[in-house]
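Look at the two complexes coming up: chain A is in both, with chain B in one and chain C in the other.
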Partner chain A sequence: MALSRQIFDTVIVGGGGSGLRAALQLAEAGHHVAVFSKVFPTRSHTVAAQGGIGASLGNMQEDHWLWHMYDTIKGSDYLGDQDAIEFMCRKAAEVVYELEHFGMPFDRNPDGTIYQRPFGGHSQNFGERPVQRACAAADRTGHAMLHTLYQRNVRAHCQFFVEWMALDLIRDYEGAVVGIVALEMETGQPMIFQAKSTILATGGAGRIYHSSTNAFINTGDGLGMAARAGVPLEDMEFWQFHPTGVAGAGVLITEGVRGEGGILLNSNGERFMERYAPTMKDLASRDVVSRAMDQEIKEGRGVGHEKDHVLLKLDHLGAEVINKRLPGIREIALKFANVDPIREPIPVVPTCHYQMGGIPTNYYGQVVAPRGASGSNEVIPGLYAIGECACVSVHGANRLGTNSLLDLLVFGKSAGDHLCQWLKSNPQHRDLPHDAADRSLERLARLDNAESGENITEVANAMRRTVQHHAGVFRTGKLLREGVEKIREVAERARNTAIKDKSRVFNTARIEALELENLVIVAEATLVAAEARTESRGAQAREDFKDRDDKNWLKHSLWYLEGSRLDYKPVNLQPLTVESFEPKVRVY
Partner chain B sequence: MKFSIYRYNPEKDDKPYMQDYEVTLQPTDRMLLDAILRIKAMDDSLGLRKSCREGVCGSDGMNINGKNGLACITPLKDLKEPVVLRPLPGLPVIRDLIVDMSQFFKQYHSIKPYLVNDNPPPQKERLQTPEDREELNGLYECVLCACCSTSCPSFWWNPDKFVGPAALLQAYRFIADTRDEATSERLDNLEDPYRLFRCHTIMNCADVCPKGLNPTEAIGKIKEQMVKRMV
Partner chain C sequence: MTTSMTREQERLRWRSRRGLLEMDLILQRFLDQHLTTLTAAEVRAYDALLQLPDNDFLDLAMGRKGPDDAALVPVLEKIRQS
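Our next item is the complex of A and B:
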């Protein structure tokens, strides 16, 4: 079947924070750019971010980008690449001021400057005391930021393909990426989009877990596209468990609650974080707090009938602070936990929240991968990745709160800027290979032709249960080995699914089947990489290897779909202009 | 729990029909969306939009027992059976509970939903007092779910000419922003028998808004500003 074709300078897959920031840079420079999104852009998952954007503006007390850089490296458990981290922390103030100029409704201080609140792992003077670094719009920072970026793109006349799902990358015979195949959901028609460059900005895949703060759309589509096209996935063993998901519901309660003074209590009413993190207490980094909570629950100090959660107390902040700074949290607590936080604590439990790993890139957003036998890292021509689907890596083994929104702005802009230059020296479209759409068409044909097979929901549930059980907060070699076996069975089942509904028009069953193929790839990468890493670092906590092992494991993992093979590359400990921060023991 | 759901697939059906479902709920099913997903697991042909499942993305607006709302934050315990689910009224149906929102977004885009300030920005942030910033509360939180506009009779009759409550709320969001310098153009853009003045303060919009916002009040403030600039 010959597909119809459209041609652009750049196609961007994903209309969340990073995709929109990159699109803006390109559209304002006059490039012919198209943004593809499964949902109307303001429905992207950036909308759910609550607490703030990290930037050392120093509006509340003295702050410095170097302190932010140190905190980020320490937070990453030294797995972050220090060139990219320096780049991000130095650019932070600039991208936040720009966002304000675009119209972002930040909260304000009496002097008119942007309000900043404390957040986990952010400190003054290399860990001395907490600092107020998170630039906030109440507890709806992501919502305000996503709408502002969309609005600015409307102003720039950026072209959107709304409710289109990208299926696969197109690579030519030299390995360059020359566009995508995408499916229009309303008509069920696939189409080829030829482009000089392609940016993946598809967000995370937190839906591989049963208990997740993530939206239904977070299915790792960009990761699946990259993996199927032979691109490795980096550091996929590192998943952040946010300490405060609403118990039972999974909905996120921002760390900003603890930033504003909220505390965690066990069944004895004890503020247990004082024992685990004497200096930062409830504002230690997320991996530390989540492990402490899990430990309390394991040792029988959990709360509730099943003793399976702890409490987040904030009533002492008073109704005025809660209504002014945390109105969305009050709304969520009332709706999903049946408690009014002005009077009662919120039941919370560590919940899968963020994917630190992703498609390997440099800090311009260019995808880099080992090439040939030499194994040296080389840029894949025409392919960029930004935001949660990318691994720059600025978050390493554990991301600090507020650094995700910052990542979207800094690397969205950086990729856009780099492309503006790149397009000057690459003015021509490369030819499409003759088999450009074959992989996508085969995937669609299988679903169209399968008369019988497994139910999508059942296979997806089996995947989520497997990942949840075998790759949770605490891991062991045995659990992980069993998990690898089980997820391979699930992957096999996912190849034999069938949908009853074969119609074309807005067939959500077909979309979910295609999403499941991507999720299963991410789930396998996660378990295989976690099983292989015999150390504890950041979000990977192994009970059989309790310590960080810098001698053997100060390196990034790279997982390939073909043969489910692992490779490794060194961490970049060399910043751009300052001295390297050498790995040391992490104490909060 | 019993449901009666609007079904229409243009490839198969000459006209829409209501389909009955009965589903066994689990104790963890609190919200309407949880129940709909149990139905969808049995019948994968049921079409609806969904994403964040916590009321911030605005995907799953629908008509629930006669009133517009977001399925993901509508508690099941408050619903009378059979729960009757229909697509948002007044917009063309693409399939089942999925409506064509083009007209709604066209109106949103028509109010120039972005900050206009042509002065060169300062090196740091533009300053704004906390009091001026507070003027934006109750405006910027809109999730563009269209529950309000599709509950408004004036929008039903003139979706191409009347801007509708959601977009008017956003028009006021920029008028109210002390950093925006296009108030006069924004008012010109709305000074029209239809665009603004088709609002007859029926207040369905404020009644259904799942985020508790009040477009009628914002529309009133726009009208006030128009009167003010005439005298």
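Our next item is the complex of A and C:
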């Protein structure tokens, strides 16, 4: 079947913060750019980011990019690449001022400068004292950023393909990426988009977890596309968790609730944090509380029909305190947990929030992967990845708060800038291979022809339960080994799904089946990489290997879909201009 | 259920995929209860709500604010009650 074809200089998959920032750089330089998005761009998941953008503007107290760099490296538990981290922290002020110039409504100081908020982990002078570094627009920073960038892109004549889902990358015989196959939801028809360069900007894949703060659209489509095209996925064992998401929903209950006196209880009604953190109890740090909660659940002291959550009790604070100091929490509990915290505890569970790993890139956003037996890292011509779907790696094993929005801006712009140069020396479109659309067409044909098979929702639930249970916060070799077995069974089931509705037009079941194929790839990468990493570092906490092991594990994992194989590459400890930050024990 | 949905209903279901998880959850419950029985006027009102930015829609759905347009009230009430 010959598909119709359109031609662009650059196609960008994903219309969130990073995709829009890269598109803007290219469109304003006069390039012919297309952005593909499953939903209207201003409804991308970037809209959920509230905290702010980290940048050492020094508007509140003295600050320096080198201190920001130190905080980021320490936060990453030394798994972050120090060249990329220096690049990001040095560029932070510039990208924030640019956004200001574009019309972003930042909060202001009385003197007119951008107001900066305090945020956990941000310090002056290499950990000496806290510093206010987060630039925000009330509690709508991500929302304001998306709208600002979208308007600017429309002005620059960037072309948007809204309600299109990208299916696969097209690689030619030399391995260069020469475009994508994408599906228009309205018609259900696939089409080829030939391009000199392709940028993946599809965000995280947090929906692999049963409890996730991520919106339903976060299905790791770019990760699936990359993996199917032979590109490895880096550091997929590292996922950031928040201790208190509403069980069964994922909506966050702020840590302020425990600050006000809320306590966690297991199925015996025991205040279990007293055992794990005798001094700080329920106010211990995020990772300690998350791990304790997950351990209680794993050891059978969870609450509920599935014994899969614990309880957050605050009724003892009294109606007055709850209504006065925690009104938003009561609203969330009523709406999403169907309980009134004035009378009943809220069911909570550690909840997946952010994906540190992703498609391996350098700080220009170019996708890099080992080539041949030599294993040296080489650029994949024509392919870029930015934002949460990429692993550059600035977050390493654990992301510093406010660095996610910064990552989008810095590397979105950097990829755009690099491409403006790259397109000058690569002015021609490469030929499409004869089999350009084969992989996508086979995937669609399987779904369209399968008379019977596995139910999408059931397989998706099995995947989410498996990842939540086996690759949660509390990890052991046994749990992970069992998890690898189970996820491979799930992956097999995902290859045999069937949908009843064979219509092409706006067939959401068909879209969800395609999304599930991407999610399952990410889930398998996560379990396999976590099982192999026999150490604890950042977000990976192994009960059987409790310490960080720099001798053996100061390296990035690379997982390949083909053969579900792992490879490794060293962490880049060499910054661009300053001295290396040597790994130290991480204490706060 | 999927097979009996019209294309218009499928379209509304897809456009109910949002950037905020809270909105995904609220709209999923609303659609599960009401999608197949919405009147033409309610579909028009719901379409208008879907055009809103997520944060503004969330404020309306949680009852923190009221809608400017009275025509949105009936469907918004169903969303709030779902």
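Assume the second predicted complex is superposed on the first by the 482 of 588 C-alpha atoms of A that agree within 3 Å, B and C clash if a C-alpha of one lies under 4 Å from a C-alpha of the other, contacts with A are read in each partner's own complex, and residues count from 1 in each chain.
Keep this in mind: a residue touches a chain if its C-beta (ideal position, glycine included) is under 8 Å from a C-beta of that chain, and two chains touch if they have at least 3 such contacts.
Model, not experiment: these values are computed from the prediction.
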Side-by-side fit of chain B and chain C on chain A, or clash: clash
First (chain B), second (chain C), both or neither touched by A:I511: second
Chain B versus chain C as contact partner of A:A48, first or second or both or neither: both
Partner chain(s) touched by A:G318 [first = chain B, second = chain C, both, neither]: neither
Chain B versus chain C as contact partner of A:Q151, first or second or both or neither: first
Chain C versus chain B, contacts on chain A by residue: B
Chain B versus chain C as contact partner of A:R140, first or second or both or neither: both
Which of chain B and chain C A:P570 touches, first, second, both or neither: neither
First, second, both or neither for A:F106, with chain B first and chain C second: first
Clash-bearing segment of chain B, relative to chain C, as chosen among 114-122, 132-140 or 204-212: 204-212
Footprint overlap on chain A, comparing chain B with chain C: 39, 42-45, 47-48, 140, 143, 147, 215-217, 249, 251, 331, 335-336, 499-501, 503, 505-509
Chain B contact footprint on chain A (complex, rising order): 39-40, 42-45, 47-48, 57, 96-97, 100-103, 105-114, 137, 140, 143-144, 147, 151-152, 154-155, 186, 215-217, 248-249, 251-252, 328, 331-332, 335-336, 455-457, 499-501, 503-509, 512
Residues of chain B touching chain A in the complex: 9-12, 28, 30, 40-41, 44-45, 47-59, 73, 75, 94-95, 98, 101, 105, 109, 112-115, 117, 121, 123-130, 132-133, 136, 140-141, 143-144, 174, 177, 179-180
Complex contact set, residues of chain A against chain C: 38-39, 42-48, 140, 143, 146-147, 163, 185, 212-217, 249-251, 331, 335-336, 499-501, 503, 505-509, 511
Residues of chain C that touch chain A when the two form their complex: 2-3, 5, 7, 10-11, 13-15, 17-26, 53-55, 62
